[in-house]
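Take a look at this one; I'll ask things after.
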Amino acid sequence: MRMPRLRLKGGTSLWIGGTLVAVAIAVAVAAPLIARTDPVMDANLMNAEIPPGLEFPFGTDAQGRDIYSRIVYGARISLTVGIVSQILNSLIGVTLGLTAGYWGGWWDDVVTGLTNLMLAIPSLIFALAIMAILGPGLSSLLAALGLTAWSYSCRIARAQVLSLKSQGYIQAARILGYGDLRIMFTQVLPNILGPLIVIATLGMGGAILSEAALSFLGLGIRPPFPSWGSMLSEARDQITTAPWLSVFPGLAIFFTVLGLNLLGDGLRDILDPQSTTRRT
Amino acid sequence: MAEPLLALDSLAVHFTVGSLLAGGVKVLKAVDGVTLDVKPGECLGLVGESGCGKSTLALAIMGLLPPTRGRLALEGRDIKTVDRMATARTVQMVFQDPYASLNPRQTVRRTLADPLRIHGVTDKAEIEARVADMMAKVGLRPEQADRYPHEFSGGQRQRIGIARALILRPKLVICDEPVSALDVSIRAQIINLLLDLKDELGLAYIMISHDLGVVEHVSDRVAVMYLGRIVEQGSWQEIFEDPRHPYTRALIAAIPDPFHRAVVVETAKAKGEIASALNPPPGCHFHPRCPLKQDVCVREVPALDPVSPGHLAACHFRDLAGTPATALRPPR
Amino acid sequence: MTAPLLRIEDLRIALRTESATYNAVENVSFEIGRGEAFGLVGESGCGKSITALSVMGLLRRPLALAGGKIVLDGEEIQDASPAEWRRLRGKRVAMIFQEPMTALNPLSPVGRQIAEMFVLHQGAGWSEAMDRAEDALRQVQVPSPERRIKDFPHQLSGGMRQRVMIAIALACGPELLIADEPTTALDVTVQAEIIDLMRELCAAKGTAILMISHDLGLVANMCRRVAVMYAGRIVEQQDADAIFASPRHPYTRGLINSLPRLGARARQGRQRLQEISGVVPSIAGYPAGCRFNPRCVAVTDICREVSPEATPLPADGLVRCHHHG
């Protein structure tokens, strides 16, 4: 039966998620403008551990630094980690998955084996090991998170290629003399981008959480630089005496990751390849 | 006699299926010793049902599947020695499903222009002119060039598919069930278009179809395949008016005849179902379904021998004349 | 004249989308007598399949019955409750589909799926039902049914699966069998056998058939009367022989003339096929007046403005054309 397609309202999660993520990005970009003090230098022991109030909306920490300003600057680190590590993961995963699915054979066996190996090792443990070797710092954090979580996008890419490979237009391209790389990047990739973007968006949330966990364990961003995870880590001893030290970084992580997940779900609805290629 | 455009000599394409661990390896003889040729400007109809190997044969001719045995020559040269790009400029294909055979993210213009660029046409004006000319040839309007496939109906998509196949000016086009996925009222447009283009451009076709009405209408010669082998081959008149293989007769008799309530003679009907190509019957593959079956059919593979010059049939009883299509279907 | 088994009266089926409501089917009326084979022919999207689904009470959102009557054996069933529909389906009205693989349960042996019908509708015990399932398989000419009842659907060929579907459909001796493109997914030689089988079984059991197909030739071969649908309406209905001898609607005429006929080339040489121009309209783009008018060779002004009424033809036929002359 041929019927007019019924458009699904994937709207609400897309909009809420998009707004949350947009706010987080705006905060990170505009950090110097909206921060009230310097997040690292403006320590003043006179102001130590002041609860949230008019002067310090989110309160201050043990060194007297403004929590609000530290969270605003922390957004830069968290989002950088999320975005850059996911770009790395996607590049690795998509390249491996695309070539493995398209060429098949021994290369496919190698990539599939590697993917299964990566999935069998808890990625946080893997990241911990890399951090332990490279030492703490932003670049090692990016490497640790950007090289360990590509198995998901690899699997998705490979599965999508396998289902597309028998489509007439892929065969037609081969018959017309297109080279393998040209087919992969002009014929296959544009048609599998939707689910990959979804996976990358969802992965960003995971990377931000991993960064928080690593920093919490003292292996991520070193104090005094503010990342949401390192702030939580520093606050753990004062959780009963100064709960605002944990609550606000926690909320920042919560809303950003929630936003990314909602955005991913919303994108899934509108980027579903079925909605443009669906045959009835 | 003109040199054949395409010549297949005992071509075989086998696949291994299964694994050593799970029940053992089996050989699937999808194409099992096919000898055929296609001359320039000729339309060869290739008829058969599912599993007969016609699609595998098409892919082998396109160079997408390596032959297991035998020789495949394009314009007299073994295809193994011909560059892939040169093959692309000689043989092209029109696909069955106009929905799956167009890239949903490419405009018509890009679908037609990219192959030209890949094949070394660099002049923008020339590309533009050839795209416009090809669109006009298949009956698309110039302003439709920047549209995406989902904006077109099935029949128009098939026109785009035909344009894509012809943009490199090939000499042979394999049409794989080009109308069977289309609405009935659209099919005549596409068949007429294919015949017009054949005359205009001097194309040769291999018309793969299970629709005998279409095959009779368009073909100069016809080959009938069953489980990987050609069982009968001849001019369209010979195949439809003097079919000598019982399978050809069964195919003709199976077409529902709206103008005459079926007066199909029992000896023209095939019994049962097509055997699996993984485990074909011994001797003549058709014998379990054949109304003429004798002991010899189980023991010996019938050779594809001539009934008359150019008309070959792989049946031990090829000399028994059958019922022609016109006799099955007298005019009203 | 005895009352017909099935009477469809002015059926209207609505398609509701977020933005608008369309009539996917309208003004559809026909009757099927007891034991009669009736054909409904049309292209994809013309409404033939959903007409059949409405007779099974299987319309689901976004489709809904919006008007008209469905009368089975004198009883109006269009407003039946879900429980009443369940009692009708399988027992009195059964259906087979184009792709039997999707209609069969892949995890259950086929014998069990047939036996289930006897258990469900006739209260038979399982062991008795399995015996009867074996008989049913034998009736649809499945070889060695005693072994086949244990097979799962994927172990059978397409033709065998369709035979199993027919066995399930006819298990409880329904009065009406709806066959929606029953042979489209099958090979031509297998198709011929399935059609023969359906015709013989239904004749033997007195089951009426509503056959739905895009293939006018196939339907005409099987059915005594045929209705042709286009864009949600019946445009012509005649005896199968008459529709080929003297088609009255330009669309029917176009369909018959547009396809190459086996044997025609040998008699007259290759004639150019008569095309039907244009494209099949989508439901959102049905033209005003006669819905065939943009593609019609005999179109005049009135066709573009006024929807033609049904003109009766002999033998319960009709044609919906301003120029049916």
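The letters A, B and C name the chains in turn, as written, and every chain counts its residues from 1.
Keep this in mind: contacts are C-beta pairs under 8 Å (C-beta built on N, C-alpha and C of every residue); 3 or more make two chains touch, one makes a residue touch a chain.
Source: prediction; values computed, not measured.
Q: From subunit C, which chain is the farthest off, judged by mean CA positions?
A: Most distant chain from subunit C: A.
Q: Just list the two chains that share the greatest number of C-beta contact pairs.
A: Chains joined by the most C-beta contact pairs: B-C.
Q: If you average the CA atoms of subunit B and of subunit C, how many Å lie between those two points?
A: Using C-alpha averages as centres, the distance is 31 Å.
Q: Determine the centre-to-centre distance between subunit A and subunit B, using the mean Cα coordinates as centres, and give it in whole Å.
A: Spacing between the chain centres: roughly 50 Å.
Q: Of all the residues in subunit C, which ones touch at least 2 other chains?
A: Where subunit C meets two or more other chains at a single residue, that happens at 44.
Q: Per the contact definition, I'd like the list of subunit C residues that touch subunit B in the complex.
A: Contacts found on subunit C: 43-44, 143, 157-160, 187-193, 195, 214-218, 220-222, 240, 244-245, 251, 254-256, 258-267, 270, 272-277, 279-280, 295.
Q: Taking the complex as given, what residues does subunit B use to touch subunit A?
A: 59, 62-64, 84-85, 87-89, 91-93, 95-97, 99-105, 114-115, 118-119, 150, 161, 164-165, 168
Q: Would you pull the subunit B residues touching subunit C in the complex into a rising list?
A: 49-50, 153, 155-156, 183-189, 191-192, 195, 210, 212-214, 216-218, 236-237, 240-241, 250-259, 261-262, 269-274, 289, 324-326, 328-329, 331-332
Q: Quick one: which bits of subunit A touch subunit B in the complex? Just the residue numbers, please.
A: 167-169, 171-179, 182, 186-187, 190-191, 273, 276-277, 279
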